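Working notes, structure below.
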Amino acid sequence: MIDVLLIAVPAVPVVGALLVRLPRTPPGADRVNLIGASISAAVALTASVLGIVHGAQGLHGSWFVLDRAGACFLAVIAVVGWCSAMVSPTYLAGAGKSLFTARRARAWYYTAFYLFWAALLALALVKNLGVAWLLIEATTGASALLVAYSGRRNALEAGWKYLVLTTFGLAVALLGILILFAGLAPHGGTLATLDWQSIARHARGLPHQTALFALILILVGLATKIGWAPVHNWLPDAHSEAPPPVSALLSAALLPTVMLIAWRVVLTLGVAVPHHLADHLMLAFGLASLAIAVPFLWRPMAWKRLLAYSSLEHMGILALGIGFASPLATVGVIIHLAGHALAKSLGFYTAIPLLRHDPASAHRAPRGLARLSTPVAAGAGISLATLSGLPPSPLFFSELLILLGGIVAHQIAVVSIAAVLMALGFLGLAHALIETLAGESHGHRWRSGRTVRLTGRLTVGLTLGLLALSVGAYLLADSHAGASLMRGIA
Amino acid sequence: MSLATLIAGVVQVAGGVLGAPAIVGLIQHLKARLQGRRGPPVLQPYRELRRLWGKSGVAPEPHTLIYTLAPAVAVASTALVLLLLPIGGHAPDWGLGNDALVLVGLLALARFAMTLAAWDTAGAFGLMGAARDLMFSVFVEGLLLLVLVLLALPLHSTDLLSVSHAATLPEVWARPAHWAAALAFCLVIVAETGRQPVDNPDTHLELTMVHEGPLLEYAGRELAYLQWSAAARHWIMLVLACELLIPHPGPFVAQLAVLGGGVLALSVALAVCETVQAKMRVLRVPLLLGSGAALCLLGLASWFAGGGG
Amino acid sequence: MGTPGALVLAGVLAIAAGALSAGLSRSPRAGLMAQSVGMVLLALAGVWVLASGHAVGAGFRSDVRPAFGLDGLSGFFLLVIAVVGAPATLFARDALEADWQGRSLAVATGAFLLALVGFVCARDVSTFLGFWELMTLVPAAAILLARQDREARHGVFVYLAITHIGGSGVWVAMLVLAQHGALGGHPLGGGLAAFVACASLVGFSTKAGLMPLHSWLPRAHPLAPAHISALMSGVMIKLALYGLVRVLFQWLAPPGLWVGITLMAVGALSCVGGVLYALMQHELKRLLAFHSIENVGIVALGLGASLVFRDIGQPMWSAIAFAAALLHALNHALFKGLLFLGAGAFSKAVGGLELDRLGGLLRRMPWTGATFALGAMAIAGLPPLNGFASEWLTLQSLLHLGVASHLGVALAGALATAALAGTAALAVYCFVKVIGLVLLGLPRRSECAEASEVPVGMRASMVFLAGSCVALGVLPGLLVPTLAALGPGRVRLHEGAGLNVPGTGSLPTLALALALVLLVSALVRLARSRRAAPAPTWTCGQPPATGLAWTSAGFTKPLRLVLEALLRPQREVRVISSLGVVESVTYQAEVPHLFDTLLYGPVSRGALRAAGIARSVQSGSLRAYLIYLLALLGLLLALARTGVLG
Amino acid sequence: MTGAVTWGLVVSSLAVIVVRRRSLAIALVAAQSLGLGLYALTQESHTSTALAVTGTVLIAKALVLPALLLLTVRRARKERLIATELPALARLAIAVAAALAIEQLIPRFGLNGAGVEHAAVGVLALGILTAVVRRAVLFQALGFLIAENGIYLAGLSLPGGLPVFIELGLVFDLVVIVSVAAAFAAKIHEQLGSGDSSLLEALRD
């Protein structure tokens, strides 16, 4: 039963990818997209509920492992994917020429989108490092096309950089996996050798050098895909050039999901290297990402580029949470992941009406939205306020929990530096928030068309989600949950 | 209530209310003599007060209630200060306590009232003096508080009675801290009483006035009030100097004698100093007072260096 | 949870309901009324807890489970919030328009009040920090709702920026304390205590607006609507000191004498610097904002003295200094609230608040004018008002620090005493100027000439505040022993109307006030027994004209000249003459805020330049990015190979 | 045999860094893959599945991918580089130095034969470096293929060989990625009129 369900999780979107090519007319494609997305999301959410309900020890199967953390990731991917699928028609309606011939553009978009989504969903479930690598590589292929969808010169450039950097990074990671595989060869040398459990079981037996180098190579490789500084450089370009729904999926689903893999590597392989080296590597990546993000946040930036750099910052925070490796921090990471996903995708969705009514905001900071359109201003404001970790947003509590977890892990120095860096990053976001909402705006109010109305609905929905999340975080942020999450992942 | 305190109370009131103008008159007289003039008689201030009492006041245009209240407030707070003073180490309990800081506060209240009155008439000259007066007060109050710290050292109290008890015996002059306090307090006296080199009380040029400036518009009884309170400020300062700084051993009578002699001597000193000293530039005054403050800090250091005296 | 708990709950609900109804209904008046009712209920709760001394609700806890409660200290600060909040909301009821902006401001007011209340009632670290942040954010939002011009946006940004960077200190301190169970009742000691002390000093004193971390305050406070400014200046910055008190007196084992001395130094700097720059201001609300810095400095002096006394083993004086600090916090809340509301009333009546363009308002607006003057006397620390009582107590404790047992402590005490005395005199100077320019003399603008008194609600709120200034000035003794009991050592002081403290000549406020009033009335009667002859003011015979009137700059000139080296005033006289005939002479003078020109300006410019350089990382060249990848790889591998990574 | 293959691999990778003409470079990479494939065939214990797998890999890498890339080259016939590239010797020197540094840093990790290990890591590094020192987008794609070959070599000389699933998956991904890359290369040629990656520097801060 559970196997079928979990097979369906990636299978349904794949089928959707095929079906969406059938209808000849755009409306037809949109309709298929609507149905397919809803079904896939429903399936994935059911699975994640199952995982959360009795996944304390993790449900293990032929190819998957469904534990609490994985279930949370699955839910996030499902929700964000669904929202992106819902806004895609509005985006496509207004998107001009694209990379593909006008007739097939929509079909290609949906196909790539669904394949991308399917890969992500599967990624949250796989129990095997090798397979995970293959899936990550697959996401690159699908998403690169989507990034360049608009076919503009900048989009091509961004897509190309994304493709090259991540593929080379993943090549490095693959070398690391090979080294690990070679090290584990005495315990089988079959595909199953790379299962998380078998890695965890035999890690202690590994020659220390092998484990260390495998770990370094894998982490550096995955870092390029997660977008950790200093190998994050594709991230701002891709996020700012991709179609908004895709940017949302990239930032809110792809990066965290790859990070889940990195997390599992750290948890399984980390025991093989002395004195928490793996955790310290994570902390280093986290601080580096925070520090690199700050100067960019300080500059008035185009809306989506700003969001991209804030993604860099938040990936850093998540890395810190993982590196602290204490239950509180783990709870913080999960809450942060979810909150960031909702807020960030909301931000990207508001970019659709923004770019529609004010195309210039593709390369300069938006100003005075409050006077131009209330729903858009609300969406942008709520998303930015949440991302800058202001109470009562869930990110406030998650950051608090992560830092507290850091102090529990006796990392006071790291926590202090991180707190200061977060405050510095906040400056940029605060400035952007003030100017975006209250700055001097030109032109008169936008008429509330389809996109604006949709943004309004999304804003309401996602805001309710955020509130629910923060209430949950505030009331239930209690260390038992964290412990079970930790147990779940390992 | 013992006889001593009774007498002390009488002196507090009578000396303050009736005796104060005599000090001013004395200083004027001596000054004139030292300058080779005959000068006004010692009782001249009383005559002036009587004359003003008979005259009607002036209601300048524009003015508000504040202009009317100011002299009364100034006189009232000065009068209350009289009741805080120890006389020969004694004072009756008027229910007002004898705290030094209360004294400072009341003097500030008087200054506040007068400077505000200067604003009320929208006149140009009064404010010139008011601004300077307030500027001095910043430094004077700082210095006065430092002096109080030094005087509070022996008995750890700001109660004027206990401070004057602490200064009963001549041994106090053995302490550098006491010397510092005494010297600094002399500066405070000169500044508070508006004497040269800080201010020239008998100038009639509006541009050089400090304390006199805000009085310009007043006439009649209100002016009488203000002239009396100027005189009373002399009394207050001199009595404080005698009680807190000059040793006054022996029985109460002797102490009273010391007080009277001290007040006389200090008046003479003021007169002499006014004759030999020219009025200094307004902007130099803070330097003078600042040096006093430095002196006080040295005194404090010496106290602790001397193992707490 | 008992009666006070119920009162708090009712009050909070009333405020929330008020905020909601103000947002939904067409006019915010009813909602604001409900808010001020809620404030009254909270005041009752605060007084109840303060008087009974029994804590209600949860105690402080170190985990992250939400908890709320109320103890003596919280009760006192709840009272501080309420005595400003109630009149402020009443004032806003008449001050705010019934349009969208007015309604949203009313909602923001309610949210602000709730944030303040939540902060003093928070009992666990996440709630504490949450409300701490909200307390900062809501007024920022309120300012932006009121006005969106460039100046406002910049001010709000600076406010958020500085408070947030400083606030990271609070975060670190609170998290460390929570993790070590210090909130749960085991004070944190050892080397970590010093770290936490530093972090909390930085964090809380930024929010309290203590120099040199104050730069946001004179920018942000004048921007807000009057009643929000009153709450910010009167309450918000005090709550930062509440946090500091919690950390330094309750959650930390004494880390050493230096903490108290540092706090005193900061306080002295703030009070002198604050009042000096206040004197140099020519805009009323900005001037008042600088005075908030001064008064927070005075409170900090008291707290620092209390810490030092505690550490040198004089519990009685420690408690007195503590009580003095708290009393001054309450007093400042009262008269600063009064003054800001008065400023709001004036601006509603005449528009701009440039000091040189006002004048003669006492005649036009007797109620506002009289209460404003009273508030000015109180903040100037003149007897028999409340400012004098608390400054007297603070001065006494500093002075007794000056006669304490070690040279270092004594010098610190003596210097602080002199500084506070000078500050008091400067405050008198400043408010003589303010009263003179705003209320007295001739009106300098037509608006001032026909200004009319504000509605009754606004008047009532100001009268209430003025009345409580008098009451606390006459009967401070009713409160001080209770406050001293909250302090370290739990000392019981002598009860009574006045302040009867051993080691002083005692301050019988009641007798003093009565004597003053009686004498003054008698003297006035005597003097006025003859009718005074009306006559124009003497200005060398010509009629008094506004052109000749004194300006704010002119009145403070002597001080500016004396302190030229310190204040570095800048003046510029431009004479435009053609053919030897002078056509116009323009004079410009200003006193730059040295902390901005010498400290904040260079730092921010440098930071921005550095950021610009750092941004060149994103050069746009794919090959550079690949080189980063190789370099990172090489670096980590080399570290691993050389065994640095184990 | 093994030595010959490894050396061939390394030399051809270096050659790709040096040569000017794109078609030649593509041919070199194809030759690499071919050599590796044949080597794999000789290596494998000749079970049918293994044969099949290796065969597909061989065909995919030695024929399909080069064909794809050649197609794009044909599409954009004349290659104009905007700025002149580094001189060939300099490119070579940089690449060799960097590659040596990297492969010296990796310790032995249990392939059969230290030479193979060094060669594998070195070729991977050379692949990345190709993308660094060559500016044409096509060479950056080739660099990826080279890197892949390096890893494939390592995979071949694993004691137990790579799991079949991984091997096939690798090839699948490879095909996907390279075809996407080819599409990009074509589009870039179309839009920029040149495959010079130094034209792709518009996105910066």
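A few points about this structure:
Per-chain residue numbering starts at 1, and chain names A, B, C and D are given in the order in which the chains are listed.
Rule of thumb we're sticking to: a contact is a pair of C-beta atoms (placed from the backbone, for glycine too) under 8 Å apart; a residue touches a chain by one contact, two chains touch by 3 or more.
Here the structure is a predicted model, which means the values were calculated and not measured.
Chains B-C form the pair with the most C-beta pairs in contact. The chain with its C-alpha centre at the largest distance from the centre of subunit A is B. Inter-chain centre distance (subunit A to subunit C, centres taken as mean C-alpha positions): 44 Å. Annotation: 35 Å between the Cα-based centres of subunit B and subunit C.
Measuring from the averaged C-alpha position of subunit C to that of subunit D gives a distance of 68 Å. Each chain gets one centre point, the mean of its Cα atoms, and the points for subunit B and subunit D are 98 Å apart.
Each of the following residues of subunit A touches two or more other chains: 160-161, 164, 168, 172, 213, 236, 296, 299. The residues of subunit D that reach two or more other chains are 106-107, 128, 131, 140, 197, 200-203, 205, listed in rising order. Along subunit C, residues 615, 618, 622, 626, 629, 633, 637, 640 each make contact with two or more other chains.
Interfaces, counted as pairs of touching chains, are A-C, A-D, B-C, C-D.
Note for the complex: subunit B touches subunit C at residues 56-62, 64, 66, 68-69, 71-73, 75-77, 79-80, 84, 94-102, 104-106, 108-109, 111-112, 115-116, 118-125, 127, 130-132, 134-135, 137-146, 148-149, 152-153, 156-161, 216-217, 220-222, 225, 282-283, 286, 293, 296-297, 300-301, 304-305, 308. Across the complex, subunit C meets subunit B through its residues 360, 362-363, 373, 377, 380-383, 388, 392, 395-396, 399-400, 402-403, 405-407, 410-411, 413-415, 417-422, 424-426, 428-429, 432, 435-437, 439-442, 498, 503-508, 511-512, 515-516, 519-521, 523-524, 526-539, 544, 548-550, 554-559, 561-562. Subunit C meets subunit D in the complex at residues 615, 618-623, 626-627, 629-630, 633-634, 637-638, 640-641.
On the side of subunit D, the complex with subunit A involves touching residues 106-107, 109-111, 120-121, 124, 127-128, 131, 137, 140, 143-144, 147-148, 151, 154-155, 158-163, 165-166, 169-170, 172-173, 176-177, 180-181, 183-184, 187-188, 191-192, 197, 200-203, 205.
Of all residues in subunit A, only 99, 130-131, 134, 137-138, 140-141, 144-145, 148, 151, 153-154, 156-161, 163-164, 167-168, 171-172, 174-175, 178-179, 181-183, 185, 189-191, 209-210, 213-214, 236-237, 240-241, 296, 299, 301 touch subunit D in the complex they form.
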